[in-house]
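Following this line, the structures themselves.
Shared between the two complexes below is subunit A, which pairs with subunit B and subunit C, respectively.
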Partner chain A sequence: MKAIFKIALGIIAAIGGFLDIGDLVFDTQAGALFRYDLLWAVVLGTIGIAVYAEMTGRVAAVSGRPVFDVIRMRLGFGMGLVALVASTIVNLLTVAAELGGIAIVLELLFDAPYSMFVFAAAVALVAIVALLPFGGIERFFGYGGLALFVVVATAFHQEPNWGDVAAGFVPSLSSSSLYLYFVVGVFAAALMPYEVHFYSSGAIEEGWTEENLKENRLNAIVGYGIGGILSVALVVVSGYLFHPLGVEPNDLGTVALPMQGAFGETGLLLALGGMLFCVGGAAIDSSFAASYNLAQFLGWEWGRYQGPRKAPRFTASWLVFLLLGIAIAESGINPVEITEYSVVFSVVALPLTYLPVLLIAGDRSFMSGHANGPFATVLGWLYFAIIIVLAVAAIPLLLATNAGGG
Partner chain B sequence: MSGDKRFRTGAFALLLSLFLFAASGCGDLSKDELNRGVESLSALAAQGQLVASGVARDATKSTYARVMAKTLGGEAEHEAEKLADATPEAGTEEERDAAVAVAGEIAGLFSELQTFPGDEHHGSLVQKHLEEAQEKAEAITARLNGEKS
Partner chain C sequence: MKGSGEIYVVHRLLDEQICDSEGKRVGRVDDIELRGDPPRITALLVGEGLYPRRLPRHLARLARRIGGPELWGGNALRIPWEEVDELAATVKLRKKAEDLGLGMGDDPKRWIVRRLPWN
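Up next is the complex of A and B:
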């Protein structure tokens, strides 16, 4: 019974921690521009993150090695360094975007200056990390993020034409560069590299062993799967309300409008509250991911469980990443724009993160009886091929569409 | 030396051409760009109606309505400045002027919503006027695309 409860907690944390500012922005814009046509890309991205999160969790549980340990081991120092630099830039942009996102939501709730809230958000995050144990941090943000189920309720409340919604799950391609840009964006937002960096290091923080493999699989499949339902719901509510009106959701506040329309102030507050926890959780995950990567690559002591005394360089680097995130968020650049760039650039960094994971997870001499089976192998390589195609297309599409601005 | 001189002459000619092109101001707001600008105004008005509808129905939080009105109003003002500063493509001057006027009107309505984010009567009025402003923007788009409005 206790084990089931623990698994349920993990799943809930995964659901709440799935959505970040990238998903909120890209899913809402995708719905507004293309109605339900990009739902298939959301599903594709959700399956992709579940596949790779399961692999990284399994590698961590079996070998005790997190992602960046594996990357350095398989790619060597030179290519590993390239992966580290690319991931750090993307993670740093993500930290800044998430901090900016928290500040925007707080501004919408309390109408005080944005710049004050960026700083307040960072202070609050430091306090939460200092006061709560690792599992507590995950659950705090995970449970809070569940408020975003109001988006699913809104989708049902709107009563869209479910036949049209179902048709959106059938993959379709268009020659429109804007459509292709959003395919990349929606897919990449689901597969942000920090998610697996954090997931695998978190497995080690929580002391996972081979006994936790079932928990790992359930967290990855059910947790990310239900998180994917939230993403689908975002596209549906946006497609239903914004698409026919021609609304261009360029602000984070717009994401909450359909919930206000459906359930009034209660819906609005649930949406903003859920966004606050999701974006806050992602700020923690991405800032931790940046420090995990650096510490693991350079062989420092690392981990929240070790505390600042046993892992001083890890703790200091986390604070530095947070400070740099504040500096970028305070620079006056719109967090939504930072998000768009971080999501699209992450696609370019994805192969360097996922290839070593795929190789190690399939290595029988390393993983013994827990190496990838035929299904995971086929799925893993299929996704890697998709990632390569998108990595090549991402920057040209970003330039061709003026970052989705048309 | 002669190579240096040729380089300097070439660079000067390039700079002069760029200056003349910029100074001529011709066509720095193409019909397509104007169209996109007007469509953005229409989208802002549509979004504003949703925010104002929340105010009118007393179904929102006033801080949310105020901040959204401030943000969207800023975007409308920016669009107005962008359109007003640019030189329109020949034959689209009238539409450009109309677009600037609509942008100003939308920005003014957002300003009103920002001032009265908890007033249902103002919310209802702003919603109605934003709808009218959107219709004006759509009429400009129709004219630009050669449709009868």
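Up next is the complex of A and C:
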């Protein structure tokens, strides 16, 4: 009974932690520009992260290998280094975008300059990481992120034409490069690599073994599945409010407007509060992911569970990545823009980190009886094909649409 | 070394994580020393000094220029094959890290690590 309770808490934390600034930005803009037409892309991306996370969690639990151990083993030093550099750049951009996102929300809630909040956010994150154990950190941000269910409530409150909403789940393609750009963006925002880097290392931080495989599957499928509902809700509420007005939300304050419209001040505060927690959690996840990847690739000691004395280089690298994130966030570039680049570049780098995991997850000599079955194999390779297509299309579409600006 | 049988040296041994007898992570197998005819594994090689060897030729020259030469005992370490205890999810060694000169990067006594604020 206690085990079920613990697993349920983990799933709840995964739900609350599902969204980050990439989802907030792309889902809201997708709804504003195309109303419900991109809902199928949200679902596609959500299933994708569930597939990818389940595989990496299983690999970590069964073989003790986190993602960048797998990458170094399967790609070797040279190509592995390419994957490391690409992932580090993407993760750094993500850290900066999330820190910027925290600062923007704080700026909306309180009256103080953005640049101060970026720094304050980083300091607060360091304090939280130093004071809480690993599982506590995830739960802290995950539960806070649940406030974003106000978005789901808003969707029902708005009473959209549910027939139109349902139609959005049917895949459709358009020759409009702006539409295709958002297909890529919405999918990529759901399938950010740092989430998986963090998830697999987190499995080892928590000491997962083969006994945790069921929990892994529930986290990935139920946790991320229900988390996907939050993404869907964002598109719906934004589509309902902004599409008829022809408004394109370009900052995070606008993201919260539908909730204020539906539930007044309470709706606004729940929305902003939920955003604060999910973006804060993502800042930790992405900065940790950068350090995990570096330490695992080079063979250093690593892990929050080790502590700074036993894993000094890992800990120092985490602080350096946070500092670099602060520098980028403070550079004057709009965090929403940083977000767009981090999301688009991450899908370009995604094949490099996805393929080795897929190969090892299907390799019986590494997985001793828990290798990919036929269903996981088909799904895994199908998503690899999708990822390749999107990775190739991403940068041309970014340039063609001027990063969604049209 | 425990166990017997065949292993794919490049697939399973090269780039593998190395742990000492206490389970401490002390680097990866950056290169493997083979001697004799037919070749036998005589040592595992670990260290940043070995990275240029693993890169394609032109990058290797650049990397060597940036990182400096291989300094045996410094940025390149040799673990004799007899020190390997077991090949499992990691390469497990017989001795503790200090006894083999490994894990210096995370060693609290190294000067840069000593200067970190929490030490």
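The rule is short, and it goes like this: the second predicted complex is superposed on the first by the 406 of 406 C-alpha atoms of A that agree within 3 Å, B and C clash if a C-alpha of one lies under 4 Å from a C-alpha of the other, contacts with A are read in each partner's own complex, and residues count from 1 in each chain.
Simple rule for what comes next: contacts are C-beta pairs under 8 Å (C-beta built on N, C-alpha and C of every residue); 3 or more make two chains touch, one makes a residue touch a chain.
Everything quoted here is computed from the prediction, not taken from an experiment.
Student: Could you tell me whether subunit B and subunit C fit or clash when both sit on subunit A in the superposition?
Tutor: fit
Student: In the combined three-chain superposition, what is the angle centred on subunit A between subunit B and subunit C, taking C-alpha centres, to the nearest 10 degrees?
Tutor: 130
Student: I'd like to know which partner A:G261 touches here: subunit B for first, subunit C for second, both or neither.
Tutor: Only subunit B; A:G261 stays clear of subunit C.
Student: Give one of first, second, both or neither to describe whether A:L109 is in contact with subunit B, with subunit C, with both, or with none.
Tutor: A:L109 sits against subunit B, while subunit C stays out of touch.
Student: Figure out whether A:P160 sits in contact with subunit B (first) or subunit C (second), or with both, or with neither.
Tutor: neither
Student: Give one of first, second, both or neither to describe whether A:G299 is in contact with subunit B, with subunit C, with both, or with none.
Tutor: The second partner, subunit C, only.
Student: I'd like to know which partner A:G135 touches here: subunit B for first, subunit C for second, both or neither.
Tutor: The answer is neither, since A:G135 touches no partner chain.
Student: So, A:V247: does it touch subunit B (first), subunit C (second), both, or neither?
Tutor: A:V247 contacts subunit B only, not subunit C.
Student: Just checking: does A:L272 make contact with subunit B only, subunit C only, both, or neither of them? Give me first, second, both or neither.
Tutor: A:L272: touches subunit B, not subunit C.
Student: Check the superposed model and tell me the shortest C-alpha distance between subunit B and subunit C, rounded to whole Å.
Tutor: When the complexes share the chain A frame, the smallest subunit B-subunit C C-alpha distance is 33 Å.
Student: Based on the A-chain superposition described above, do subunit B and subunit C contact any of the same residues on subunit A, and if so which?
Tutor: Of subunit A, no residue contacts subunit B in one complex and subunit C in the other.
Student: Enumerate the contact residues on subunit B facing subunit A in the complex.
Tutor: 36, 39-40, 42-44, 46-47, 49-51, 53-54, 57, 59-61, 63-64, 66-68, 71-72, 75
Student: Which residues of subunit C touch subunit A in their complex?
Tutor: 12, 14-18, 24-28, 30, 46, 51, 54-56, 89-90, 103, 105-106, 108, 113, 116, 118-119
Student: Which stretch or stretches of subunit A touch subunit B in the complex?
Tutor: Residues 107-111, 241, 245-251, 253-254, 256-257, 260-261, 264-265, 268-269, 272, 406.
Student: State the interface residues of subunit A toward subunit C in the complex, per the touch definition above.
Tutor: Going by the criterion above, the answer is residues 63-65, 69, 72-73, 76-78, 80-81, 298-302, 308-313, 315-316, 365.
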